[in-house]
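The next part holds the structures, each set out as structure tokens.
The two complexes that follow have chain A in common; it is paired with chain B in the first and with chain C in the second.
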Partner chain A sequence: MLELIDKYWLYFLIGQYPGGPLGGLVLTLILASLGLLLSLPLGLALGLMRVSPWRWLRLPVTGFVYLVRGIPLLMVVFWAYFFLPSITGVKTNQFWTMLIALVVFDAAYLAEIVRAGIQGLPKGQMECARALGLPYLKAMRCVVLPQALRHSLPSLVNQFISTIKETSLGYIIGLTEVSFIANQINTLAFTKPVEVFGILGLTYFVLCFGLSRFAHWVERRMARQGLGGRISTKPAA
Partner chain B sequence: MIQFDPQMLLAGQYHDMLVAGFKMSLQYLFYGLCLSLPLGLLIALCRLSPFKLLRAFGTSYVEVVRSIPLLAHMLFWYFGVPEMLPTALKEVLYESPVESICAVLAISVYVAAYMAEDIRSGIRAVPAVQLEAARAIGLSYVQAMRLVILPQALRLTVPPLISQTLNLWKGTSIATVIGAAELMYEVGQVESQSFRSFEAFAFASVAYLTVSLVITGLASWFQHRYPVRTM
Partner chain C sequence: MIELQNVNKWYGDYHALVDVTETITSGEVVVVCGPSGSGKSTLIRTINRLEEIQGGHILLDGRDVHDPRLDVNLLRAGIGFVFQQFNLFPHLTVVDNCTLAAVQLKKMAPAEARERAMALLERVGLAHKAQALPAQLSGGQQQRVAIARALTLKPPVMLLDEPTSALDPEMVGEVLLVMRDLAKDGMTMVCVTHEMGFAREVADRVIFMDQGAVLERATPHEFFNHPQHARTQKFLADIRSPFEHGAA
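Showing the complex of A and B:
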């Protein structure tokens, strides 16, 4: 096992990087971070549309969210692989295919997180803001969203964990992320599948477990600051 | 412009391949559910048990399994686990449909961790006094769990469990990496043989979506039919 690590650790971390395309664990992390960052604005917009009072905005987005949440990510990846070249006219490589599939897929899930955050706030917040004379969008931007997004912060970290796990599907379209590299190493080392895939699992575990502890920490910290509860009730008298 | 030819989806060899894949996926869903539900319940009870060792086991199972993507589970179960078995058992395994067995095991182990969490939070939502009262009237711990706590927890637990079933259903698609002949794999086959990607993808998307919507509908029906009673 030590021999295995000694021989392949660099390949596992960065793929063939200096001599070839970047890969391995670094590519997984880049893909997950970019995926989440790019899907944030899209997810926010979709989430807002999903709770909007205008039906022509709400219905298509609701349909989209149901559609994306109803099919496996692999299906989205396949669609991206198939459709992107015919839309853009150039042959997209695996990285962009995977990234775009991740962004579309995550945006649908983030939209639900944003929606839950907004609907989790007491209705009075919106009503008060409107009663004070703020227009709908301004009330949303200045009153509702700052509170709602703070509540969904732990969910966002959890979504990042999911995104890291989702990048493993790049394996199927031949993207050289860490699962693909592990499989390559398995082929090279030939007789040590248990060790190779054990190390792969351990790597994901360290990464995702660390992040989930971080999410817990954020949640606890927010609870301590009195931001975790939905509403801070003061005694009437 | 892309041509869409519904004819090939309605009859012929490609139709047969896709339908066979769909049936295989449904079988994975069924067997996965049969394995992961009891396993999830077992892990949840471990996590709630009064013994420290069992609790530690349950917690580490959930944390470890949930942190590793399903794809890595699949690779491990397919390439790794058979190597660890004794030779006689290995031969038996390789004579049976090994891809399907490994796929179902991997999915079940993976989803069971999520189910355990749902069951646990359902059980914890039942007030502690219920258990205390049940013990006080002379039921053993196991009896109190079976007769008092679990029936109450069930109403709380079933809707999240149904949505875990949805994850199980979507997870079956990943079995394609180890070459199990489920829907996604057949789509790949049809695509490479006929070059009709659009039709094959459309078929698979509609199939996945239909089952997903049925499962989602089931969850909201259950919530409506068996609302949580206030305790």
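Showing the complex of A and C:
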């Protein structure tokens, strides 16, 4: 085991870099972080459209969410990697393919989480904000969302953890993320599959567990402050 | 001045407001009462357009409230509305609840908004709770904050939708006193309430509604002592304690 780690740790961590493309755990982390960073605002926007009072905003997003929920992520990856280039004629890079697939897929799920958070609030909150004279979007931003997102935090974290694990599907299109590298190491080491995949499993577990604990810490911190982060009452720019 | 002209509202087939015509003059305090489901809340919610109407007109100082071209946010900023369930924003402190509209809507400097909010909280006797979160207040205190919040944009009109109905009995008084102070200051008020003591002492006029229509309008004295309509007489008898007059 130690011999294995000693021999392959750098490969596991960064792949063939700097001799070849960046890979391994670092690539997984970059993919997951970018996935989170991009899918959250997109999911938020889609979630807002999904509860919007205007039908022409609501319907397409509802259709999109139903579509994405109805197909496995692997299919989305395949489509993005094989199907899209055949139409556009542009060969897609594995990293961008995987990132776009992740963002599209997770945004649909995040949109549903955001929707549930918003619709779970008492109707009186929006109504009261509107009665004060706040326009719809301002009421959403200052009154509804700060509460809704706080209530949704456990579900959001759940989705983020899924995102980390979903990056492993990059393996299927030859993206050299950590699962791909682990498989390479397994082939090289030949007789140590238990150790290799044990370490891989542990790596994912540490990442996800770390995120869970971080979320737990954030939740407790917000609980101590009463009901969550205070929003700014500074004038909007 | 609020003028309701033949206001009609339907929820599907249900005729919620039936030909309501009423004029509320500046500085007048009007109490709206009636059995549950009679359309009282619906009526005051149409005045700041929380509910749409299907027929008639509502004029506030001559402007048609339900005119689609009217800026509804501007209209609402000029009408204080107090809900039965207080609806304080639980993620904001008491003072932030009161500054939100001024800062976000009127672009008032936070310090100035704060000063104004503190003056209003002082007025409802809760300046010492400015930094508390709504969850740390009693129901009566929350409703007093809600009244202060509704006053931050200095509306000339206040609408109160059963402001004491969700309160424990011992907290009703503190809220009614705040409301009486408002009335004394010349605020135009339309208040849906079952607090007949408040109606008797503070109201200029009592409106009685049943099944979406206004059945009777009178001064409190006339209303309580000489109710005209049979339905009004029954209502007044029903809301009396059953333990009075040996009824039980």
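Keep this in mind: the second predicted complex is superposed on the first by the 218 of 237 C-alpha atoms of A that agree within 3 Å, B and C clash if a C-alpha of one lies under 4 Å from a C-alpha of the other, contacts with A are read in each partner's own complex, and residues count from 1 in each chain.
The rule is short, and it goes like this: a contact is a pair of C-beta atoms (placed from the backbone, for glycine too) under 8 Å apart; a residue touches a chain by one contact, two chains touch by 3 or more.
This structure is a prediction, so every number in the text was calculated from the model and none was measured.
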item	value
First, second, both or neither for A:169, with chain B first and chain C second	first
Which superposed partner A:89 touches (first chain B, second chain C, both, neither)	neither
Contacts of A:79 with chain B and chain C, given as first, second, both or neither	first
Chain B versus chain C as contact partner of A:71, first or second or both or neither	first
Chain A residues touched - chain C or chain B, whichever exceeds	B
Touching partner for A:135 - first (chain B), second (chain C), both, neither	second
Which of chain B and chain C A:179 touches, first, second, both or neither	first
Which superposed partner A:193 touches (first chain B, second chain C, both, neither)	first
Chain B and chain C contact sites that coincide on chain A, given as residue numbers	none
Residues of chain B defined as touching chain A within the complex	2, 63-64, 66-73, 75-76, 79-81, 83-84, 170-171, 173-174, 176-177, 184, 187, 197-198, 201, 204-205, 208-209, 212-213, 216
Chain C-touching residues of chain A, taken from the complex the two chains share	122, 124-125, 127-135, 138, 142-143, 146-147, 150, 226-231, 233-236
Chain B partner contacts - residues on chain A that touch it in the complex	66-67, 69-75, 78-79, 82, 86, 161, 164-166, 168-169, 171-172, 179, 182-183, 186, 193-194, 196-198, 200-201, 204-205, 207-209, 212
Chain C - residues contacting chain A, complex	48, 50, 73-79, 81, 83, 85, 87, 89-93, 96, 99-101, 103-105, 107-110, 113, 133, 135-136, 149-150, 153
